[in-house]
């Protein structure tokens, strides 16, 4: 690297630019799912409102907070890794995984509760969308654990420690977080 | 520095796919207590119409649809090990490649029959029974590629004469036993009851246990062969 | 640098958490009996969510240090999502009312 | 080597891909008119009419499909070749080859058989035509695993590769394509709405992703062939790009 860039604040893409292509493309796919949901919802508003009343807003808020904590700690992990504090970075990464796990457990618990009350995937259109959106998000989260695993592997061994890979994995994890923020608004809050 | 060729990643998909298959197997209500060929059309239709069964049939078969080809990467790894054996021609490795698509294709066909039967269970029971029969017979009787795979693998191991063979010799004996255990299932069309029927001891329990055991045993010996290959290739100090 | 960076992330997280908790209070406003569509609540929910999304992208994902192109592309996605969701809602409501 | 610049085999493979996907679109959308798919909620009488209305389209269309289906052999070989050019184990190329060799059968040809059988005797019992109709569309759209696992294998190969055969973002795009195969699963359950086999989510959005994916990999394969040097190391950049690189940073190449 040349020293000419040192004076001004360097503007760099966090992680692989390739991951950002994924974030934007998958983001658009989710936008289209969301738009379809909103349209279907307005066409049979009463049914959606009645079924939505069976969801617990507090659970949604709890899920959002949990994912925000995990996102926060993975951001701190990236910062720590950049400073060379790899043990701290790894510790933050374990926190991320822990809260990701809490989210998974709480989601499964919420699903089990709804199914026990008789609101399964095929109960009505609102619940189809509910399971579809939370389910596809859940799947992204499971894949996120693979990315976190890759990041942990990078941080654990002095032979690797590619900052770019760690940032790439963090970018994926934040994407799951912000997609959930939208899903939360659409499933739990909007009327 | 270890090779970054991804073989270990492919190897580690085996336990994942294995767990998914087992879960789907237990979820499908027609496997835990296998459906009998003697069930009348009305009974078969009732099986699909039962609100307890229907979601389990659909979800388990959707999972099987996703993961039916999940073990092909493992077969590709076995092919690579056969290529390391002391043979004069690649005939055995090519034969395994040719077999690899057979098992999953047959299973996918059976899977489509089951899922289509479950799509509209309100249809004429005679028609439901037809698709159910198509599914079970496709699933049970088409063991040809699986048997061939085991026999070819056994032959390849027997002919692998070198100081330290890629797979130990008992793996060849094991594969022959598995091949024999899978054979009776080909005759499910002949028996409505007893061990040869598609829900019988030989055609269902023994055959599927043999397949399960084959996956576990081959997974372990494959992992050992790959580990040994890698240790051999790592240059000394 | 290190302390400042950590502190900034913490402030951002606290802000996001506070907004989420505020949604708990706002969201229960929609619990009318019988439940009814509420355009104001829906608009605010979508706008607040998109603000949170943009904060996550800018701060947690460090896009504020990224080249202008990435900033614009991510902002474009936020705008496209906002326009499609609000558009879908109001067009759909208008269609349903007819 | 004497045939160093001879890329005829690769170009044959690439053009086969291009011709195949164009024919595929033409046959399914225009001639057989089975795409975009009709509704799964039609009743048996309407389905009998559906078969009757496009009888010759189905018969001729799927006759040609059964011929064109053979072209997938060279396509799969082409894609397996691209994986072999990567710095990954051959097991990836073999897996891809085997998975996609079988994909044509449930993913395309069964539909042709079911539609042909239906169109041959439109006066058949409508209840049986109903079965054929369901089986045709469900097998076509509901065969998910081969494309799911196939995309994941390709993704892993691209992400692990150090030869730069494909850009990494294409690896991630494979993940997007794999996820659409999960999204289509509810088509096995719903008869109407956005998750049914003709629905906005299960068909339209998935189709948009699939068309993007296909266009992208055709373009990238073309670029790969242009860059191919028949070596084993990193794939060089395009000629113009390489010249610039050599002029800019001497000694930095490899």
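Couple of notes before you dig in:
Here the chain labels run A, B, C and D in written order, and each chain numbers its own residues starting at 1.
The definition used in the following text is that a residue touches a chain if its C-beta (ideal position, glycine included) is under 8 Å from a C-beta of that chain, and two chains touch if they have at least 3 such contacts.
In this text the structure is predicted, and so the values were computed from the model without any measurement.
Averaging Cα coordinates per chain and for the whole protein, the chain whose average falls nearest the overall one is D.
Ranking A-C and A-D by contacting C-beta pairs places A-C first.
Chain centre most remote from that of chain C: B (centre = mean of CA atoms).
One inter-chain figure worth recording: chain A and chain C are separated by 14 Å, centre to centre, where each centre is the mean of the chain's CA atoms.
Remark: chain B and chain C have CA centroids separated by 48 Å (rounded to whole angstrom). One simple way to say how far apart two chains are is to compare their mean CA positions; for chain A and chain D this gives 29 Å. Note on chain placement: the centre of chain A and the centre of chain B lie 35 Å apart, centres being C-alpha means. Chain C has no residue in contact with two or more other chains.
In chain D, 182, 189 are the positions where the chain touches two or more neighbouring chains simultaneously.
Looking at chain B, no residue sits in touch with two or more other chains. Remark: chain C residues 1-2, 5-6, 9-10, 12-13, 16-17, 20-21, 23-24, 26-28, 30-31, 34-38, 41-42, 45-46, 48-50, 52-53, 56-57, 59-63, 65-68, 70, 73-74, 77, 80-81, 84-85, 87-89, 91-93, 95-96 touch chain A in the complex.
Here chain D touches chain A in the complex through residues 167-169, 171-173, 175-176, 179, 182-183, 186, 189-190, 193-195, 200-201, 205, 208-209, 212, going by the rule given at the top. Those residues of chain D that touch chain B in the shared complex are 87-92, 94-95, 97-99, 101-102, 105-106, 110, 127-128, 130-131, 134-135, 138-139, 142-146, 148-150, 153, 156-157, 160, 162, 181-182, 185, 188-189, 191. The part of chain B that touches chain D in the complex is made up of residues 4-7, 9-10, 58, 61-62, 64-70, 72-73, 75-77, 79-80, 97, 100-101, 104-105, 108-109, 112, 115-116, 118-120, 123-124, 127, 131.
Taken together, the chain A residues at the contact with chain C in this complex read 9-14, 20, 23-24, 27-28, 31-32, 34-35, 38-39, 41-43, 45, 49-50, 52-53, 57-58, 61, 64-65, 68-69, 71-72, 74-76, 78-79, 83, 85, 167, 170-171, 174, 177-178, 181-182, 184-186, 188-191.
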